[in-house]
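What follows is a pair of complexes built around chain A, which joins chain B in one and chain C in the other.
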Partner chain A sequence: MIVFLARRLVFMLLTMLAVSIILFAMLEVNVESIAVRVLGAYSTDTQREIWLEANGYLRPIYVRYIEWLGNFLVGDFGESTRFNTRVADILWPRLGNTGLLALFTFGIMIPISLTLGVFAGMREGSRTDRSITFLSVITTSVPEFASAVLLSFIFVFWLGILPGTSGFTDGFSLREMILPVMVLIIYDFGYVARMTRASMAEVMQSPYIRTAVLKGLPYRRVVMRHALRNALIAPFTVIVLQINWLLSGVIVVEYFFAYKGFGALLLEAALNNDIDLIQACAMIAVIVAVGTQTIADIGYTYLNPRIRFT
Partner chain B sequence: MDKKELASVHVALPNLVEQLEKGRTTRRDFLRTSTLLGLSATAAYGIAGKITGEHFVAPARAQGTPGGTVRISMNVMELSDPSLADWSQKSNVYRAVNEPLAKIGADNITRPYLAERWEANDDLTAWTFHLRENATWSNGDAFIADDVVANIEKWLDEAHGSSNYSRFSSLESADAIDDHTVRFNLSSPDLAVPESLGDYPALIVHRNFWNNGGSFLDNPGTGPFQMSDYTVAERARLNRRTDAPWWGGEVMLDEIDIIDHGDDPSAYLAALASGQVDLLYEISADQVAAVRGMEDLELYETVTGQTGVARFHVTSPPFDDPRVRRAIRACIDHDVLLELAFQNLGTPGEDHHVAPIHPEYAELPRPQQDYDLARSLLAEAGYADGLDIEINCVAQPTWEPNTCQVIAEMLRPAGINLNVNILPGGTYWDRWTDWPFGFTSWTHRPLGVQVLNLAYRTGVPWNETNYSNPEFDALLDQANATLDLEARRAITEQLEQIIQNDSIIIQPYWRAIHTASNRNINGFELQPAREFDFPVWSMSSS
Partner chain C sequence: MTDQTFETGPGGAEERRPNALIRGLKTLALLRESWMASIGIGIVIFWVLVAILAPVLAPYPYEQQIGPLVNAEPGTCAEPDRPYFTDEGMERTTGDECYLLGGDNLGRDILSRIIWGARPILIWAPLATLLAYTAGIFLGLLAGYKRGWLDDILSRVSDIILSFPVLVLYVVLITVVGRSNINILLAVTFASAPGIMRIVRGLVLDLRNRDYVAAAQTRGESSWYIMFVEILPNARGPLIVDACLRLGYTIITLGVLGFLGLGLPPPDPNWGNLIAENRTVALTSPQSVVFPCIAISSLVLGLNMLADGLREISLKD
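After this line comes the complex of A and B, so read on.
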């Protein structure tokens, strides 16, 4: 097990290192564009040259990369040209906001999707199963931007009972959280529910469940004691991987509701060529993606007794 | 005022009054030109009222109940030096604190502001500005001529990088005559000095601004507000100054609260509809119909000189061949373009960048769509088998890529395959003067010659077409020095004709601009360049 963990950790670090090299090379090969971004389109060639020299951009790219990596590891992500402040000062609050959004979404979505998935999978082909599957397919098929427009029309413009944006300008507001969370839940709960349903249906077909039923155990006890634990192994992996989606895959929702989160920050950084900010956001997204993948792998191994290492 | 008194203000004023009396100029043009020449707005309106029967309407002053906060949805951008402002959103924040010498109203007329009045010499090469004696800086210093001189000197320093450098290209120096009088010395006549002083980057900062770090946030202002809270891309809050009375009188608002809702227009409108803000910086043309259907909201529309141009870099192939440029222009139906790309909310363009609302506008025969001409010009230029080209434009606002898409469809029947390359704003603007074919938005300016000076004169920084025509430059010099409106219109007609003939731009349409508010805000008028006039606003309780 220790060897397995060490291997996963080394693989994770190598992946992040490789991505950081690619990212840095893509963004910093053309130093001229960085100077244009900082000094503006009307700056002269001489001004740009002086700025590049003063900020160390004329040094070899590998020297700059090593310096950047060293700074990144100690939490110094550089300066944002868009926000005119340290990247760390803007990044962590935004990450916190997205974490809050993810917390609310997970807190509501996971119980709903697991319950619906288990109910559907318990009696495969039943009316309940068909209804839940239909609902799940429909909601998952509607993209976030469409459900955001629809919900906004209903609750903001028509009924007038919810705020249209979620910027928390006057501090945290539960009412402002409702629409973005609702859109994310509608989009994602069907996916998790269907994965749970498939896993549950598979478990319910397994010989040991049939044996338990045939030997006369109450159905409720068969489900709760024998089926559920095994049926939740596959959804566990899916749920952990949703963390990654909730971090950087919610750009549309954050943009639509003016939610000041990590996804919107990444978009803003990209639209404004804010190099240090793009690098920091991308690296954080990579760390979360690789980290959640590793956690999912380790968790799956722990939960599934059929996978064991000697 | 009799003719002698008028002539003492400026020698051209008696003639201008005569033109109005004989119906050779409109009331609006009379007001504009006479105030430019130093006649007070009150006197100008008085004379015009006597002649035309339309009496003086006092400029809006703050009315209503003192107190209250106005909440505005607008991008909060990085703030540094007002003279480096490149977006009017920035200048709207700056303007609450730092003020201009002249202000352009919602009626497109320039009025004295920090300068109480001004005069020009007969040939318009020296302008004398008399400053308000009761204006003070928020640090207690008096507002004096040295402040203005320090600003002008900075603007004229090319290395500083202000767009005022080209805006005041004829300005050589500014001299403080006494504490409250400044003289501008010009190398060539320029009619538009007051108009340029009303443009959004021409705000006056304290004389020690650059010695004190050069940051807006750490320096005083003469305006009625001061910054209290500011985070880029999130929020800016300004509170009414309490240290001393504002020179302009009573200000009703206690606070201005600017909230950044990002770049999605639907977010702005949702914020207004749900009462999170009182006013939007803008709404898109697509949203006008929706706002019309919402009873609780007020819709504002203003006809402007705002536009976008699909401009050719005339030294980059294949656009260095005038036949190619003419062929592309010949494919355009401006009326259809306006209808499809901008919901008919404006006026069709004529490919010369002088708007019908500009006083010196001269009407030319409208450009007509002519595919036969386009095909023959292309064949002549060696593209009989078709031409593949690309236009670069920004993704937002959507009217810009939409217009490019419609242009692409219009070019197709002539065998021109136009690829529309939609770029993030930052990427486009980093190279906006370099694209071989690009679509650039241009803001409103009160006079036609102002835009021509900025964009089409040889060698100026904003000449994105790389156009260079000595004949055009010479005519532009003449227009800059011609006060008589009829004479200036005749010169402008030639300038328009040259731009059309040389086919350096496709100018699809002039945009009407729109915004919306709730019904709690009083005194707001939609100015053609979206400049906010906070001191005259007030809030009703909802």
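After this line comes the complex of A and C, so read on.
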């Protein structure tokens, strides 16, 4: 078990390292273009040269990478040209806001999708199953920006009961959380529900469930005590991996609702060529993604003893 | 080498080939078994026809701005004798200019823009998916059939690319390479080929131990022949379902990129751009964003229903 954990953790760190190299190389291998981005297209060659020299961009790329990595590890993410402040000062509060959004989303999405999935998979091919499957096909087909538009059309334009932006200008407000959370749930719950359904349907067909039913146990008890335990192993992984999808989803949702979160920050950095900020944001996103993948792996192995630790 | 002695070998495949058209029709007829698949293919065909017939269907050129119809509500007509500008100079409205779905923030016909917008989506999304599939199938076959160090390297690299949150990867890639059609094509390929590779590899790992592969190996066929002629056609079922889903997802991606201002460059009327351009007036004249949203959602829904129906049909067999 310890060997397995150690291997997973080492692999996780190696992946993060590899990703950081790729990210750094993509963004910084062409120093000339960095100068153009920062100084503008109408700067002269001499100006660019001086700027590059002054900011240490003329050193070899691996020296710069090691320096960047060292700074990153101690929490010094560099300076943001867009916000004229240290990246760390703006990044952490934004990350907190996104965490809050994710907390609300998962807190509501997980019970809904697990319940729907279990009900659908309980009797495969039943009317409930078909309706839930169809519903999830529809909701996963509507892109986040489209459901954001449609929901704000209904609740903001038409009914006028919810605010259209979620900038928290007057401090935290629950009403401003409703629409962003709703959009994220609508796009994500279908996938989790379908995975739960597939897992539940598979378990319901296994011999031990048939034995339990034929033994004359009440159906409720068979589902609650026998089936659920095994059926919920696969959805666990899916739910943890949803965090990766959520990181994509928050970019759209935060941008649309002007929510001051991490995704909107990354986008703003990208649109304004704020190199240090892009690097820090992308790196944090990857750390979260790779970290959750490792947790999903370890958790799955822990929950499913049939998988040997190798 | 006598081909005739192998009934399931390449000779057998060639004998069946004249029936390809009939087999294709039979496959289409199979779709009727699932109402989901039928509706799905119906929606997809509808949008393909719209894209092809855009010059006939669109009531106005998609860039035509008629000033008096800025942010017009659906179904409104311009008041007669109001001035507006075209490429040729100033013109006056006759009162016959009617926008069925309303006008956008520059006075362009939303209906025409949606009709024309089907084209870039239905050209670039399938192209990107095709490119990603070509790369993914090639690498997946290599990794799954050759195994060894090649498999290790390819799997590790794909793990690393897949560990990126997709949209973060797109945002970074497009920041670096700039927004143009080709760059978006390459970015989509780069981001989705590893996923396809993983699926193909999994299928190949299962198929490479079949008897017909062993037979081909004994005949002394080259590994390319075995990979592409023996293994690939037998892996097509799951791949077709995945392709439908992935095409839908690519369409969403193009829409999202357009919406975020990173997509196909303007004045392209792709649906994501339409929503992005009118975002500022979304709450005062919602028709300019609601209709493109319905368009893109319905197309993706069609593809997802098709994929779901196909999977259902394939499970029945």
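To be clear about the criterion, the second predicted complex is superposed on the first by the 297 of 310 C-alpha atoms of A that agree within 3 Å, B and C clash if a C-alpha of one lies under 4 Å from a C-alpha of the other, contacts with A are read in each partner's own complex, and residues count from 1 in each chain.
The rule we apply is simple: a residue touches a chain if its C-beta (ideal position, glycine included) is under 8 Å from a C-beta of that chain, and two chains touch if they have at least 3 such contacts.
Only a predicted model underlies this, so the values are computations on that prediction, with no experimental measurement involved.
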Touched partner set for A:A54, first chain B, second chain C, both or neither: neither
Partner chain(s) touched by A:G167 [first = chain B, second = chain C, both, neither]: first
Contacts of A:F83 with chain B and chain C, given as first, second, both or neither: first
Which superposed partner A:L73 touches (first chain B, second chain C, both, neither): neither
First (chain B), second (chain C), both or neither touched by A:N273: both
First, second, both or neither for A:A289, with chain B first and chain C second: second
Partner chain in contact with A:L214 - chain B first, chain C second, else both or neither: neither
Touching partner for A:F157 - first (chain B), second (chain C), both, neither: both
Touching partner for A:I2 - first (chain B), second (chain C), both, neither: neither
Larger contact residue set on chain A - chain B or chain C: C
Residues of chain A at both interfaces, chain B in one complex, chain C in the other: 149, 152, 156-157, 164, 255-256, 270-271, 273
Footprint of chain C on chain A - complex, ascending: 15, 18-19, 22-23, 26-27, 133-134, 137-138, 140-146, 149-150, 152-153, 156-157, 164, 244-245, 247-249, 251-252, 255-256, 266-267, 270-271, 273, 278, 281-282, 285-286, 289-290, 293
Complex contacts: residues of chain B adjacent to chain A: 78, 80, 84, 86, 159, 161, 163, 232-235, 259-264, 266-267, 269-276, 294, 424-427, 429-433, 461
Touching residues on chain C, where the partner in the complex is chain A: 36, 159-160, 163-168, 171-176, 248, 252, 255-256, 259-262, 272, 275, 279, 282-283, 286, 289-290, 293-294, 296-297, 300-301, 303-305, 308
Touch list for chain A against partner chain B, complex: 33, 36-37, 39-44, 47, 82-85, 149, 152, 156-157, 160, 162-165, 167, 169, 255-258, 260, 264, 268, 270-273
